[in-house]
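Input: structures, listed below.
In the two complexes below, chain A is the common chain; its partner is chain B in one and chain C in the other.
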Partner chain A sequence: MGFFSTLSSIFGVGKKSCNIVVVGLDNAGKSTILNALRSEDTRVSQVVPTVGMTVTTFSGTGVNFSAFDMSGQGKYRNLWDAYYAKAEGIMFVVDSTDRLRLSVARDELWMILDHKDCKKVPLLILSNKSDRPDSLPVGEVSNLLGLDLMRNRPWTIQQTSAINGNGLPHSLEWLSKNIKEYMNGESS
Partner chain B sequence: MIYWSISISPMQSIFQMSLLPAPGARWMSALSDDELRLNTNANCVSFVDTQADGDIKLIVADLGTSRYEMKLKTPTNTIGVAAGSTLFIYKALKPFYKYDLKPIELLPAEQAAWIRYWSDGHHIDHLVRNLEMAADEASFAEMSTLSQAIVMGSDEDREQLIAKVANMKERMPVNKSQMTCVASIKRSPESLVDVCAIGCENGDIQFVDTQAFQMLASVNIKSPVVFILTTGHYDVDFKVFASTRAGTIYLIQREHLGKDREPRKIATLPKRIVAIKMFAKILAVATDDCKITYYDFRGKRLKEIRTNQRIIGLETFNYEPRQYSTLLVAFQREIYMYNENSLVDVLKIDSQSDIKWIKFGAFGREEAALIIGTKSGGIIVKLFRRTAQLTDMAEIHAPKLAHNYKLNIPRRTKLYQDQTQRERDNPVHMHQMYQRDLFLLRWLVSQQFALMTTKALSTVSTSSSEAVDISVDVNGFGPTFRLTVRLSSGTPTPLTDMWLSFIYKKESFKLSDALIPVALLTPQLHRDFVVTMVDKASGNYAITCKKLYLQFMEKELNTQSNDGKTYEIKDQLDPVSIKLNHEKFTRSFGIAVQTEGNLPKIYGIPKMHKNPIKFRFITGAHDSTLKPLSIELQKILRFLHGHFRRYCYSITGHNKINRFFSIQNTFRVVQQLNTVKNKRSEIFCADFSSLFTNLPHNVVKEKLYYLIDLMFKNAGHFYTYTILVEAISPEKGLSSDIKIYLCRKDRRNPIVTAIITMPLSEMSLLD
Partner chain C sequence: ALLFLHPIIVNLNMDSKADMKREKKDEESGGNPYAKLDVTAVLQECRAFNETPINARKCSIILTKLFHLVQQGDNIGRTEATEAFFGVTKLWQSKDATLRRLVYLAVKVLSTISDDVIIVTSSLTKDMTGKEDAYRAPAIRALCLITDAAMLQTIERYMKQAIVDRNPAVSSAALVSSIHLMKKAGDVVRRWANEVQEAASAEGHMVQLHALALLYQIRSNDRLAVNKLVQKFAKGGMRSPFALCYLIRIAKQLIEEDDQADSAFFQFIDSCLRHKSEMVVYEAASAIVSLPNTSPSELAPAISVLQLFCSSPKPALRFAAVRTLNKVSVKHPQAVTSCNVDLEKLITDSNRSIATLAITTLLKTGAESSVERLMKQISSFVSEISDEFKIVVVEAIRALIARYPRKHTVMLPFLANMLRNDGGFEYKREIVDTLIAIVEENPDARLAGLAQLCEFIEDCEHPALATKVLHLLGREAPKTANPHAYIRFVYNRVILETTQVRAAAVSALAKIGAQCPQLRPSIEGLLKNCLLDSEDEVRDRATFYLSVLDMAPAIVNSLVLDTLQSSPAALERAAAEYVENEEAHSNKFDLKSVPVCSAPVAKKAKTLLAEEVAPAKEKKTAANATAAAAERLSQIEGLTAGLGPLFKSTLPIPLTDNVNEYTVQCSKHIFANHVILEFEVKNTLNDQLLEQVNVSLEDAEGEWKALRQRPIARLPYGEPSSIFVLLPFPQSGAVQGVLGATLNFKVKDVDPSTGEPESDDTYDDSYVLEEVELCVSDSVQPLGKASFGPAWNALEEEDTVEETFSLANVSSIHEAIKKVCGLLGLAPCERSDIVPEGRNRHVVMMSGVFRGGHEVLAKANVAIDPNDNSIGLNLLIRCSESIIAEILATAIV
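Moving on, here comes the complex of A and B:
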């Protein structure tokens, strides 16, 4: 790393920017998580169900993210496909209290991963709503999503709570690191 | 509207998940729980958004395991529970309102009977008689349930029932009908309020307003209502289909209310109705003769589907995003999905138990969930996949409709016309030609097959110390073949840790198993075993290799064959050679051969105490050639033995010395020893190294001849034979002699002394 790049990284000028796609079932907490990741002055007080999609920007360590917050409602899920091609990371949010629909989440997750546009980008799975007493442990969510079958892409599962912010900094750090690696690998 | 209810939110259920659904799968398994122990049916299950938060709950009315165990756990929001003649309304978990069916007027005769009873001295007999007359007059079914019970019940029951009536208002039984089914109709397109349609046992269908709980209208179809289906809006226009227990379906519309117009009878089914559902403007009726009949709303029969299994239930499948409206049909282990024309999906359940009920609707936040209740009380939740398509499923089970076939008609060319002309001119000849060709083809095929089966591939073993015979058969005509590989070892030592490996071109073949571990290859042994007892050790069993057993048996029967192949597995001895051998052997003794009948049974038990192990062979006397002879011999010996014993007893009387020891078993020995008065300090034991079978037969025969001769030569005289046995120096003799003295009773001196070489244990033969 040269002098200028070190300098620029200190001032945050030369930060890389990347696109991530945030998907998951409806009511999983995607918009709430993104709201919590934003800087405090840009946060909204009330999160409403997303219609179609919204774009949110926030910054991680060394990376500026533009997150495509996709609506998780059944009728909008077919819009997800259009954004895989330009995404450099996937954030998949699961409601860890919704046991019934974990199978649906799994189905949707594997549909994403099997999609032809989906590259070997880092995959961050957030087992959200961990503050709720009826939430499933992260290991169980991992099993139920069939993550042990996943090969050939960097992935992690993180227990989070968008309400109190638990697990979010760690997730962001992982995502920044892996996306940087992915982008370096792509460019070289 | 829902009835008895407990709430099963997904959070409370234990769940299992199967693997990822296959790409073409239409359903995914969400939850399944076999341990819920629900006792319910499709009528008592419903989906309700209890908290109005979009999270829809499944409400299950649990009937409990017996009558008195009915559970009533209610979630929030309004739930109606129909029980008996009352509709209970629950709002926010609390009982809110109780809607009672209006009592029906008592039959005049019944009423009179009761008035008479109370006024006229409480005669139960009179009451029963009057009630019976009332029943004859009108109908038994129309009487109040209490009166019915009094007529039917025993004397004790009657008293109790009358006491019940005495507590009632005006001391009269109340005749209330029972609710049988409930459905709801929206009041108007904008309204959130429902109207409740209640079907009753007496044929009433009552429309009840759910705000004020007032009966808005009532229609009677004169027969118990079993199923009720609603569509439309109460204030605008609606259709209510009600089916009676007798199998008639009525249509009730707005114009039938409050007027004289009778509800329209739209269909009558010959068999019992299992379920009725509506989908896509079709009324589907399942009957218990495995048929589903489609009617349109005016009662026109559209189509009939025959199934090969008993129908358990029907359910409507509506999937808004794709505009699917189909019918789900539950069978014992499967759920079929039909659209208007054909079968579109088959869902098999993987539960241990059979299906009892199914319910489809929005569940949780999923809009298409199918809940399957099993007989064991478990539930299975299946969710319809977002990407699933129903249209592309080919017809697998049901035959296509005739008009759907597109016939492949060739164009009217010259060639086609010539051909058809030829077919018309000489059909017999063409048919014969066809049959001949078919026969030739079959013949060729069987010839090739026979050739293939006989042509086994020859194999060579590389090392002589590990000689293994391998034979390979190829069966089948392809593309799939069956290879049958037979391995047999020719080495004396067992071969272990071997693998059967196939080396082949991967691009040409696909083998089910390329590497097969071979179990222990033991050449000398047989793959089967013979389980026998062990000689001289009762309670122990020997498991002998069948080959070894057969070898010993052959040796014993003198039927060894030397042409045996090592890899040939012998399963049984050759019965012909045994028979021949037997005949030869018996002829050599000059005994007539019995050609009919079986040979005696033989078996061998191994002598494990010998080294090398040999077999003791035991033959049944039945069917034996020597049996008549042995019977005769037995008679003679018994005769001798009797004389001998009597003699010994008589001399015991003289000198008090017991000379007769015939020992049957060890217990007798001990018994005998106990009777001895003057016990010596030591007991002498003797063993015999050779058994009686080793006695020279000539000697035995000679002695016996002598004895028999002596005994029967002068038959007719009065004499008694007695035999005295003495053991002489048993430690010396390999075979011990038995001296037999013959003497007359009147003369004390022995006249003949016979010496027979016998071990002492032989004495048991005389016994």
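Moving on, here comes the complex of A and C:
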């Protein structure tokens, strides 16, 4: 860490910056969520399927996030692992209306968590598309993903809707807090 | 002094910092700071990309190092490159503008050596459509490089927007990238024609150029569309000088390709001569002068424009003008004479390149009287110009001597002087070639030229040139009044030089000895001294020549004076076959079994009159064809069995038009008593499969009968294959014939996409080809003789066939000689095919080998009647078999 950043962290001025990886199956709503998290003037009107990945920056409370928005399409999923190593947080987005592929999402999630590059970083699971009438309740999603088996890392699941922004501020707050704690734990 | 001491002090005091300081010093003194980079070290440094927060400055330096390594051609492994690439993708989060642009470069650099570059597609698309103009153009370029045809569909919309973007940088980037994409996905890019059209009328100068270039690429397959394109923009609407230059080039190409091109194009180019931008004016002028078949009146305005440029204050313009005039002076010396006054002024130009070109142009156009003055001018600064321009000067002198042979008294000392000064091998070779050409073609200059060359080899550092000169001495010295004067020069080489030069000197001595009987005893004495040489090659040659020189004149002729009659490659193959084949060992190796052909070196030799205009293209010569065909035929089992060695193969002649359904080429392979006709058939219909393809031949005279044939069993679309037909030469001894040919085959319809037959049904079809002609020249291998006289006299006791013809439809002696050589299939000897200017009769000596290895010699006396321009030909043919001489005489009809 550079001299100035150490200085600023001592005095508590300025924001920390951190990298997070945003993953999930295709059409879960990752890019839309990130679009909603961005400041008003940098938003785009139309979200198209991501090819490969994009980098988005936005700020939470006391932390600046650089989010690596990975494409969820099957053929690009093998590229996710290139970004685990330096990530300080993982955001896993699930389409809560897609019962059929929840088990696929579970497999992908556990594959990430078992990956050798993946450290004990905070994991935020977003059960997206809660505005839709056919969406599953958050408890059921949690059960289907097998989250109750997870140990040794801070995690939470949050019901969100990227369209109307429900649940997003709360989850961002949780992520900021836990990542700060994680990074302080790392540096000390 | 302090400056110099500085590093030493540092070295003594602070070892640790010394390296750093010295590095800095290197940088100041212009050394390359990236000179000693190590691939692994730089790849290690690439880990810095993963740090948070990103140190933009540090990453920029690392990226630059990485680019340097890749540019230098250092090999980066695929996994390492991929790792570095994924590191680079993390730099997207930095907001530093410089770093971001380096990232785009990195994507382009790494795109070929790393996997999964496709991952940045979305990031690039985002930047390309973003608000930051500085990012958009590089993002477009990077994106178009990594995208493929399938992916292109998804970004098509953005590309269309970018092409018509108001920002010229973005628009240009999109257009240029599209030009590159044409190769990958032409059909997608073609759909953008409307947007490109719109961009062509945009403001930016570069945008117009790029749009025009892309439009041309899109339409380049369609001549009519290109015509329309040029017509449309020629009318106006192109303000950009760059685009106009491009348009001129397209128009020029159109005129070149089509003889009856629209004269509107020429008018357009002509009108550009009055454009206000110098660039356009120059482009138009240089286009006009390089067009073929321009009349003097069309040329005049272009030349006068170039003349104006000659007095421009800008050196680049002057250089361009002089260089173009120099080129024109080869084709149209008359047209350039009007510029002579301006060119004279440029001789003293401070820029040596301009001065050199000016002088060489003047040399080409100037009158005989001004030559001496110009030569004096050149010699004043010839030592100051680079080798490259010296060669230009030598070439100009070469052309000059060809035009004014009498001026050799001025040129020779000048060339000799240049030869003595320093210079590279290329330059020296050019001078030596020029001198050799002078000696060979100008009898008046022979003595002086040989003397200069003799002096040159006394102190020559290039063995290749020395051997060349020695070879010339062996041939030319006996023709001079006192050949013994040259023996000293040649023998000096035997004493002083390296092996290859010594060997060449021994050969030269032997040649002089063979042609001058009075010198033979002394030469034999010298050769005996060579027997004690330390090298095998020299000793072998000396021994060989010593024993041969005493034999009969005919043997001396063939062994000493004549060059090898077969190509080295063919000889090598024949020898290898002989060694492998155990049964053949009972017989001696027969040199006659090797296909004969003249030494290719002789063909390539430039003559003084050689045109500089078009650089001679590497032509597929008949000699190569023979060697290749022998290889090919021998691989086809049972085809050439019992026919003996291949005598000659002709180059393929098309029997159909290029655009027909089936294209057929015929080449003739001549053997001692047989000829094999090879029909190479290509099926250009992708929905047909041809089976049992054969050729039926019909001879109206009934002399030629096919002995056997090897048809093609299956001929799928696009794969050429050959039919072989074996014909014996007729009993009557005729060698000429015209055979009607028809292609017969069965057609099976196939699915064009898979090539699989749709059903088993076939139907017969036939296809009439053009006639196959067998002519006398097919049976003769042209083979130049180095010394024609002795060989001609050796055949004195044989009958001489004499015929006289009057030639119709030829207009000059030169043309007549070329035609006679072609018809007889003989090669002209001793450069007798070059007709001196203004002569109305000329004797050409020709020689060759008839199939079966019979040597044929011919003398043709061509005369032109000045009254009615009719051309008469008197032909004398000698051959050991009189029947062959008669056959040859029938060739001329």
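A few comments on the model shown:
Assume the second predicted complex is superposed on the first by the 175 of 188 C-alpha atoms of A that agree within 3 Å, B and C clash if a C-alpha of one lies under 4 Å from a C-alpha of the other, contacts with A are read in each partner's own complex, and residues count from 1 in each chain.
We adopt the following convention: a residue touches a chain if its C-beta (ideal position, glycine included) is under 8 Å from a C-beta of that chain, and two chains touch if they have at least 3 such contacts.
What you see is a predicted model, and the numbers here were worked out from it, not measured in a lab.
Using the contact criterion defined above for the overlaid structures, shared-chain residue A:R106 touches chain B, although it does not reach chain C. Within the superposed three-chain model, A:K86 lies in touch with chain C and out of touch with chain B [touch as defined at top]. In the superposition on chain A, contact of A:T54 is made with chain C only, not with chain B. With both structures placed on the common chain, the touch criterion links A:E140 to neither chain B nor chain C.
Look at A:D131: by the touch rule set out above, it reaches neither chain B nor chain C. Shared-chain residue A:N19: touches chain C; no touch with chain B.
Once the two complexes are overlaid on the shared chain, A:G74 sits against chain B while remaining clear of chain C. Of the residues of chain A, not a single one touches chain B in one of the two structures and chain C in the other.
On the side of chain B, the complex with chain A involves touching residues 10-11, 13, 15, 17, 19-21, 28-31, 54, 321, 363-367, 369, 381, 383, 385-387. Interface residues of chain A, counted against chain B in their complex, comprise 25-27, 74-75, 77, 97-104, 106-108, 110-111, 134, 144, 146, 149. On chain C, the positions that touch chain A within their shared complex are 50, 52-53, 55, 86, 89-90, 92-93, 95, 116, 118-123, 125-126, 151, 154. Residue ranges of chain A in contact with chain C, taken from their complex: 2, 5, 17-19, 50-55, 57, 66, 68-69, 71, 76, 79, 82-83, 85-86, 88.
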